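Following: one structure in structure tokens, then a few remarks.
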Amino acid sequence: MTAVAPESQSRPLLDVRGLRKSFGGLSAVQGFSLPLPERGLYGLIGPNGAGKTTVFNLLTGVYTPDEGAIRLGDRPLAGLNPHQIALAGMSRTFQNIRLFGELSVLQNVQLACALRTKRHLFWTLLRTAGSLHREAEVRARSLELLELFHLQHRAHEPARSLPYGHQRKLEIVRALATQPKVLLLDEPAAGMNPQEKRQLGETIRHIRDTFDVAILLIEHDMGLVMDICERITVLDHGETIAVGSPREIQADAHVIKAYLGAADQL
Amino acid sequence: MDKFLQTLMDGFTVGSLYALIALGYTMVYGILQFINFAHGDVFALGVHLTIVFAAMLGIEGLATGGPASLPVVVGVLLLTMLACGCVGFLIERLAYRPLRSSPRLNVLITAIGVSLLLQNVGQLPFVFGPYRKATPNLLPDVTLATIGGEQQTQDDGTLEIVGGVKVTLVNVTVVLVALAMMLALQYVIHSTRFGLAMRAVSHDPRTAGLMGINVDLVISLTFMIGSMLAAGAGFLYTLKYTGNVAHPGEATWVLLGLKAFVAAVVGGIGNIRGAVLGGLLIGLTEFFGVGYLSSEYRDAYVFAILIVVLLVRPQGILGRPKIEKV
Amino acid sequence: MTDTHQSRVSSQAGLGRTLWNALWPVLVAVLCGLVMHLAIGPWAGGYASTVMVACAINVVLAVSLTVVNGFAGQFSLGHAGFMAIGGYTAAGIVYYGSLLMWGDASPSGSVLSASFDEVAGRPWLAAGDALFVVACLVGGLMAAIAGYVVGLPSLRLRGDYLAIVTLGFGEIVRVLLQGTKGQIQPWKMSELAETPGWRLPLHLGGPQGFNLLPVYTTLFWATAAMTLSAIVIYRLKYSALGREFLSVREDEIAAQAMGVNVTRAKVRAFVVAATFAGIAGGLYGHLTGTMNATELDFKRSIEIVIMVVLGGMGSISGAAMAAVLLTILPELLRDPPAIWPAGLLVLAIVTFTQWRRRRFSWPVLTGIIVATIVFEVGRRVAIAHAVDLADYRLVIYALLLILMMLLRPDGLFGVHEFWDVLGLRRVPRPGIDGRSEVEA
């Protein structure tokens, strides 16, 4: 096991310590810790069923951790509702795409974009100048964002009618629209061909640089992870079996065993 | 004390009716995860078919014919169950199967449609008609035993028991028949190949299909069994509530069906034992509420229990919480 | 109607704009009400007017239920319960208010609150109108509070469970209202004087119903309420809040992850829907002069649900059209008019929309033709055999509902509005836009 490399910098942006979650006696994740610095681009890998998505669900409040602490900046997040965590600055995409299919592409982004604008029921129904103004702002920002990702020409189509690759991209745009500090990407390259994957890698780096976010990436495609991630955490059966730079991970015996162990027995 | 025992007995009798109907809800929910809203109407159909079949066999109303002989009584029960089973099969085949992969709400709406259809076709003049009907005289009104009460010597010198709780043949029959059906169901589910297939489908239809189970057949049979249990409950209802029964369009049936559904939810939907427990609980609540609080709010007690249970323990008394997959 | 993106407003213009946006719906509502009440009502006659009032009230109910069942994707089967709460509240205020203030429970309304053969000599505005309007609004408020309470369990329950809980709620409301004490009759003023004010809400008629209410609801009030509710709910749909509701309906987990407070959104949906149902209840009670909780049972709720489902889960215009259609259906069935002109009209509209999109769907077109022929034949058979089709009204409802789910599960217009489906606009409007084809 590779020891956690001593980070010389002060406190990380996202500080996860000792996360544990079990479902009815079955331990899904235990002892998960992760210090994600500002503008870090970290990876989370592991065989199927290793608990990667469960970690995302714990971080975003879909599940409440049994044990452990999550801090974003100075704010403890464990136990908060998902929408409060989104407001605190953590946003995510989903492994199986979860767009609002019947809503238009633009509306998907607008919804996320309006996160930090005030929406009062009564003023909305009266259509006060203020509420109209805020709405116009949200719309303009959403369109800008879509343009940045070359989706503007499909803005008015229902999200479910987009081709698969665009849907994946839209999920990322939607997550970015909440203006997060930390972005969690759950298998963004699933179902893409090598060329698309390479482009995606570029895009992810680009997002990190232009939007100033820290990114945690779950991905099965080793090429992509090794290529873009600075540090990688490897999960197996809910436990962290290795942490390190791509090079260290590639050489790690535990990781090789976790990935190839099953193959040996065949 | 007499009042308490009487209430207990009535609550228990009616509770076992609720339990029988609740089984149908719970089985369908266990397999298809939706509320078969029309189940209460299948129960109403059972009541009305009992009257029709009894009339065919020569027993009409309390005045004409009867008390019927045992073969006739059993014949009426079996015919009713068979007919309702067929109706259950048709409902599933025609209305629910085409929607198997649709969102649950759509299926629920369809179920409401089927319920409305049964009610309103039922009250057409050439079906059952929009008027109340007399129940057939199937069982003699016999008191089997009396608990408590005082022996008094009448004027003519005979002894008669005054007061006390009467255990009538009807109450005993209702409870025993209901119990027999529940035990039969228990046997089918836990000790037959079909029961195994049913449990497999309820656990995971897709995998069950891959394992060579004919999922469509299992679902059809589940509907048929549920409908037959409802028909049995309908038959028992005509025994218990002698006099006039409401016509198919009246709110009585939907309310009874709903109470049975509440029983299924309270016990833990999808759970067979839960349905029985819930049925008895609801029956007792209703009768103790009516007996000791006020009869005006009869329907409110049951729904109040439902709301409390759903807020405190949404999975029901014996149910297991479900973890949502993301 | 203003498109939001054009509204980059300066701060000085802001106040004027706010006022205008707040006021014009009321003006439009009053105007529509006046036209219906003073021109179309008298022209159509008394019976037709009554049917139109019933249509308008049902439109309010259907359109408001759209907020919960359509936008937010929850399933409420207790809309009649909110209607009952609002209706009884309004009735109590108007009835006891009239008795206490004027010693008389007969209406003291203006031209607006009288049918057109009774308008002579009435003022344009009267104290009775104000009492009635305030009562309806308070009824809406009470229903809103109830909506808040009912909305709370919806946080933990979804889908069919929620349906049953709302249904149970409606039934509890009905049973409680039927359990109230008899009303204090207008000729027993001494009894009224002896009863302390806080006890009056206990005297709401009980099982006999709340009778002898002053009749205020006219085509004016009903149309105005309908117009206003349609505009308000339209605004809701195409606002940030409407998007929140829709996102909850589409995918709760994703909505939460995007910062939507799902709890709050659901409760809000219930509150808005309940408010309008309460107002509709007030209108309903003062139409016939009697409130009877037995009529506001789950069958009434289901009727409203059918309107929403047929019109399209989330389509305001669809729900309104279905409400009107289902309200006049019994009248139509009593003496069925020829079906084929309607069939031709539908065929023309559908052909037109398909031509606009350059996409013809033959199954749909043939379906319409076949349906028209079937209905026409059915009508002739019914007439020939002297069958009263009105007896089959509910059977037809039930079949419509099942067929709709089997053939077009999203309802007539889905989440879209009537005019979206027509495809008249080249540029899709902001909002629920851009379904690129009329689907079969």
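Labels A, B and C are assigned to the chains in the order they are written; within every chain, residues are numbered from 1.
Quick note on the criterion: contacts are C-beta pairs under 8 Å (C-beta built on N, C-alpha and C of every residue); 3 or more make two chains touch, one makes a residue touch a chain.
Keep in mind the model is a prediction, meaning the values are calculated, not measured.
A.B. asks: Quick check on this structure: which chain has its C-alpha centroid closest to the centroid of all protein C-alpha atoms?
C.D. replies: Measuring from the global C-alpha mean, the nearest chain centre belongs to C.
A.B. asks: In terms of CA centroid distance, which chain is the most far removed from chain B?
C.D. replies: A
A.B. asks: Using CA atom averages as chain centres, what separation in Å is found between chain B and chain C?
C.D. replies: 36
A.B. asks: State, to the nearest whole Å, the distance from the C-alpha centre of chain A to the C-alpha centre of chain B.
C.D. replies: Once rounded, the distance between the two centres reads 50 Å.
A.B. asks: Whole-Å distance, chain A centre to chain C centre, using C-alpha means?
C.D. replies: A distance of 43 Å separates the two centres.
A.B. asks: Could you tell me which residues belong to chain B and also touch two or more other chains?
C.D. replies: 326
A.B. asks: Enumerate the residues of chain C that touch no fewer than two other chains.
C.D. replies: In chain C, the residues touching two or more other chains are 253.
A.B. asks: Give me the residue numbers in chain A that touch at least two other chains, ranges are fine.
C.D. replies: In chain A, the residues touching two or more other chains are 62, 94.
A.B. asks: In their shared complex, at which residues does chain C touch chain A?
C.D. replies: Listed in rising order, the residues are 2, 4-9, 13-15, 17-18, 21-22, 232, 235-236, 239-241, 243-244, 246-247, 250-251, 253-262, 268, 272, 414-415, 428, 430-436.
A.B. asks: Write out the stretch or stretches of chain A touching chain C in their complex.
C.D. replies: 60-62, 81-83, 86-87, 91-92, 94, 98-104, 106-107, 110-112, 114-117, 119, 121, 124-136, 138-140, 156-158, 161, 174-175, 177-178
A.B. asks: In their complex, what parts of chain C are in touch with chain B?
C.D. replies: Chain C reaches chain B through residues 73, 75, 153, 156-157, 159-161, 163-165, 167-169, 171-172, 175-176, 178-179, 253, 297-299, 302, 305, 309, 391-392, 394-395, 397-399, 401-402, 405-406, 409.
A.B. asks: Could you pull out which chain B residues touch chain C in their complex?
C.D. replies: Against chain C, chain B makes touches at 34-35, 95, 98-99, 102-110, 112-117, 119-121, 124, 249, 251, 254-255, 258, 261-262, 265, 294, 296-300, 302-304, 306-307, 310-311, 314, 324, 326.
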